[in-house]
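The first chain written gets the first letter, and so on, giving A, B and C; residue counts start at 1 in each chain.
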Amino acid sequence: MIETDPDLRAVEATLFASDHPMTVEQIRGYVGDSVDVAAALSQLSEHYAGRGIELVRRGKTWHFQTAADLAHLLRREREESRKLSRAAVETLAIIAYHEPVSRAEIEAIRGVQISKGTLDVLMEAGWVRPAGRREVPGRPLIYATTPAFLTHFGLTSRKDLPGIADLKAAGLLDPIDSAMGEMLFTGEESDAELAIDVNNA
Amino acid sequence: MTGPMLFDAEYPLRDESAANDQFGSDVLTIDIDGWEGPLDLLLALARNQKVDLRQLSILALVEQYLVFIDQARTLKLELAADYLVMAAWLAYLKSALLLPKDPTIDPSPEELALRLQLRLERLNAMRESGARLMGRDRVGRDVFLRGTPEGLRVVKARAWECDYFELITAYGQINARTAPAMHIVKKRQVMTLEQALERVSAMIGRAIDWTAIHAFLPPMADPALRKSALASSFVAALELAKRGLIDLQQEATFAPLMVRKTAR
Amino acid sequence: MIETDPDLRAVEATLFASDHPMTVEQIRGYVGDSVDVAAALSQLSEHYAGRGIELVRRGKTWHFQTAADLAHLLRREREESRKLSRAAVETLAIIAYHEPVSRAEIEAIRGVQISKGTLDVLMEAGWVRPAGRREVPGRPLIYATTPAFLTHFGLTSRKDLPGIADLKAAGLLDPIDSAMGEMLFTGEESDAELAIDVNNA
């Protein structure tokens, strides 16, 4: 009987008790080397399929979560997470679809400079991290998404990003046209925007 | 075709636009602050053409942008420099597109228009992707992790290392360090004063003239013993001199000590 | 099939996501009045019986928890080994050879004071324990070794510890002695020079 398999129980209990998603190696650290963790995980995720709780994989990590279609029941008393600004959402999307990208590349796509706070917000949320430097003059920092990004947005891997295959096929994720960028968008302050006297804040 | 179309109500990021749909200039006064740069404005204008961005009429778009900027200026709104740079560039693009083709211009106006279009497509793609990303089943909003995880703990146990040999050596050293000190001096080969007296007295009978004291020393290899012999012989010489048997003489400090039998 | 019963799924997800144990009424507040919560709970607790996760009832409230018999998995020990300091090794040796000893006695034997931390470390290692008080003025604590000490050092009893004579025979008393000897008899000989040798006993 599947329920009494001690390896399965051990993996199930470990993931259930953990307060963060775990990799196979991390789980093995708790249940012992003798357990085939990967096999147990795949059996478990089958077992939980269609239930109120699901076992899901995000990148290299696994965790239990409630089934997405039950959101309407549970959302009620949960606070909506603070809304991200439009600039932050776009910046996150650019990093996720193009990673790794430098700040200048993000700016070239958006056509404006990004204010300092935007990347900070994304890093504070744990979705974005600096991922080294680009070996070009100036050695700019480049940014990439984190495992927590995959977890939060329910992505098994970056290949799961909505529409990424189509965008790639359409050439929209190619390195940006720097000629045009230089012509139009060098060194301009974006925060000023269309600075107005008639602000309707 | 300019003002009202700019603020199509379907553009979701600007709520106030619907009410001001009909009057371009009014719209400008209330909503001009919402743009995130000229490219953003261009994209909003482009979406108002309500065609696939790839079928976009760049000329119409350029026209709209220029009109928009013009209106902003008539309203004496202060325009950020980048909007004006874009306007200048678009005005150039417009005239280049309208004029008869000049094959010497590189890149061609058509090429430039295509690049502009691609940029708009890109920005649009990222904007839509961002929205789709935000609309996914997100942890904490749509799906939930366990409310009260017991948590996994790693308990750090410090293991102290010490082996048996270390232990007993340490005890040995404490003892060695604290045991009452006992000094044992190695037995050394020496020439005693008695031996020296005997030897010097015996030899002095034969030495009629001044002789250096070294000559009375027995031939020996060990320098330590030699020193001992020298010292003992020196004391013996003093003793014999005291008894009046020999005379001692030294010409200067550290000069050889000379010995001879007392002249009678 | 049990897994697809929507009422069951709803109750399961609600309890999983809750940050406190819930009564039947509280659960009903989430899943709706149409659901027979009590029946769903009893079906669920049956389903989870014997697995790594259990649905348990405490008084009127229900909650999920990791199976009690797997609690040992959730606590993982990581050993971090560190070398005992010289002072600690000496103190341990003194306690082993002279137990029970007070701190003052240890200091008298070592010829050096010991810091409080030294005894603490030995007690943390499990090799030394307080063994009552000496019935002298001040009633100082006295210390002795533990069975774990014997085990760690592979001794059957303290009598196995080599005596001073054994240590000497093994040359373990020599190092300091010979060092001293060299200092006395080589370095200083040159100064002796004309020293007159009277002690040739």
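In the analysis below, contacts are C-beta pairs under 8 Å (C-beta built on N, C-alpha and C of every residue); 3 or more make two chains touch, one makes a residue touch a chain.
Given the structure is predicted, the values throughout are model-derived calculations rather than measurements.
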Higher-contact pair (C-beta pairs counted), A-B versus B-C: A-B
Chain at the geometric heart of the assembly (C-alpha centres): B
CA centroid of chain A to CA centroid of chain C, Å: 41
Cα-centroid distance, chain A relative to chain B, in whole angstrom: 30
Chain B and chain C: spacing of chain centres that average the CA atoms, whole Å: 35
Overlap residues in chain B, where contacts from two or more other chains coincide: 144-146, 150-152
Multi-partner residues of chain C (at least 2 other chains): 13, 16-17, 64, 66, 74, 76
Residues on chain B engaged by chain A in the complex (per definition of touch): 13, 16, 29-33, 35-41, 72, 77-83, 85-86, 89, 107, 112, 115-116, 118-119, 121-123, 125-134, 136-146, 149-152
Residues of chain C defined as touching chain B within the complex: 13, 16-20, 63-66, 74-84, 86, 88-90, 92-94, 96-97, 109-111, 121, 124-125, 127, 152-155, 161-162, 164, 167-168, 172-177, 184-185, 193-197, 199-200
Residue ranges of chain C in contact with chain A within the complex: 3-4, 8-14, 16-17, 30-31, 49-53, 64, 66-67, 70, 73-74, 76
Touching residues on chain B, where the partner in the complex is chain C: 144-148, 150-164, 166-178, 183, 185-188, 190, 192, 227-228, 230-232, 235
